[in-house]
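Alright, structures below, take your time with them.
Here come two complexes built around subunit A, the first alongside subunit B, the second alongside subunit C.
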Partner chain A sequence: MNNRLKVLRAMNDWSQAELAAQLDVSRQAVNAIETGKHDPSLPLAFRIARLFNMPIEEIFDDGHE
Partner chain B sequence: MTDTNDMIEQSPPGLMSKIIRFAAMIALGLVFVYALGFLVGVSAAALDNGRLTLKTVGLLLGCLAVLGLSGYGFYRLWPRRDREEPVSPKVERTRWSLIAALGLGMAIGVALTIPMLSGESGGVFSNDPIPATTALSIVIAYAVLTPIGSYFWHRNADEFEREASGRGALLGMYAYSVVAPSWWLLERADLVPEQDPMIVFLLVMTVWGVVWQIRRSD
Partner chain C sequence: MPDKPLTPREKSVRRHNISTVLSAAAFAVYAAGVLPGVTVPSAARLIALPILFVGVIVMYRTRNADEYIAAIWRSGTSVAFVATVAVMFFAPALEGFIDGITESLTEQPTGPDLPYAELLAPVAIASFYIANLWARLRGTY
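== the complex of A and B ==
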């Protein structure tokens, strides 16, 4: 699944570790999501969406229209 | 907030360099445990004898040197970036439970090294008899502390960490399902020596640990 997490993080001038601390996950988890190695669970996806104040589908894209 | 350099992602290390790094950390950890056990055993023997010979002093200094070098090497190989970054309390608790597990493993390793020094055992992973008090102490500590530590870890680990651990455990289970019956059949055909449960255990744990760490690393 594609996502804009890296771009959104850069727009907020946060490091992976800073974002991870806000999401209550490890930096490795943020890196894995950004690189597409790990698809977040729904609860984590909602936490990410709330943090950036955006709908989930504007952050994550499953490739379907 | 962070500076621009912190935002630049470094190219991740290759699979081979990750494997070499983890293998080196495991080897240094084992050397550290052996050296610590040796240090405890030699010190205990010197106290029992009530005298400190030049040979004992040399052995103790040698142990300390090996301990220092292996400990420093382990410290250098530990992912440095992790120590400087902000972490949430939950992630911090996960790390501490892993450190506690490492400490328990080291304590057990040291306890198993001591009978080796008095000639009662051939090594940490040998099948030679050991004193009943040593065996009971280790089993009680291991059987009680491992489930508590595992429960604590699972309560605090994030979903990616649990997924990485789960994948390692699955591949470890596959390794077990291949190795145990294959060895058993080959043993029945008198092609290999008797099955050694500790070798199978160590193999499964190694597969689990290596896959877990490779999966969770960048």
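== the complex of A and C ==
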């Protein structure tokens, strides 16, 4: 699944560790999500959406219209 | 500027990752000792065994440190389970099939000679670490 996490993190000038701390996950998890190696769970996807104040579908793209 | 202190979750993830590397290395040393043509000092194998044992315990205790670590753990354990079942049920059938072909060609009788019971544990552990590495490199799917 594609996502805009890296772009959104850069826009907020956060490091992976800072974003991880806010999401209560490890830095490795943030890195894995950014590089597309791990799809976040639904609760984590909601936390990400709330943190950036955006709908989930504007952050994550599953390739379907 | 000093680094920020690690959160409990980061510490737990780090413990899991270090345990994974150490126990995989210990398993490689221990398993290499049974390979033909490979000489491993018995002291090294003796040290490797407790490292593997403690490493696996730490990995188990920290397997839910993070959802990413949990996904990696699931990848490893599910592949290890399938490998175990495959060795238990399909390896004897495959050996019998190959022996049947060999016997028909050479007309020399061959019996079952693969030690399946001894193969189960090393195959399960090796497949766990291979799947674990694969999940870290290619993704947790």
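Things to note:
We take it that the second predicted complex is superposed on the first by the 65 of 65 C-alpha atoms of A that agree within 3 Å, B and C clash if a C-alpha of one lies under 4 Å from a C-alpha of the other, contacts with A are read in each partner's own complex, and residues count from 1 in each chain.
Rule of thumb we're sticking to: contacts are C-beta pairs under 8 Å (C-beta built on N, C-alpha and C of every residue); 3 or more make two chains touch, one makes a residue touch a chain.
Just so we're clear, the structure is a prediction, and the values are computed from it rather than from any experiment.
With the C-alpha superposition on subunit A as described, subunit C and subunit B clash in the combined arrangement. When the two structures are aligned on the shared chain, A:Ala29 is found in touch with subunit B and with subunit C.
Once the two complexes are laid over each other on the shared chain, residue contacts for A:Ala21 go to subunit B and to subunit C alike. Legend: residue contacts after superposition of the two complexes on their common chain; A:Ala10 is shown touching subunit B, with no touch to subunit C. Counted by residues of subunit A touched, the larger count belongs to B, out of subunit B and subunit C. In the superposed model, A:Phe52 makes contact with neither subunit B nor subunit C.
Note: residues 17, 20-21, 24-29, 32-33, 38, 40-41, 44 of subunit A belong to the subunit B contact set and to the subunit C contact set alike, using the contact criterion stated above.
On the side of subunit B, the complex with subunit A involves touching residues 1-2, 6-7, 81-82, 85-88, 90-91, 94, 158-161, 163, 216-218.
Within the complex formed with subunit B, the subunit A residues making contact are 10, 13-18, 20-29, 31-33, 38, 40-41, 44.
By the touch criterion stated above, subunit C contacts subunit A in their complex at residues 4, 7, 9-10, 13, 17, 65-69, 71, 136, 138-140. Subunit A meets subunit C in the complex at residues 17, 20-21, 24-29, 32-33, 36-41, 44.
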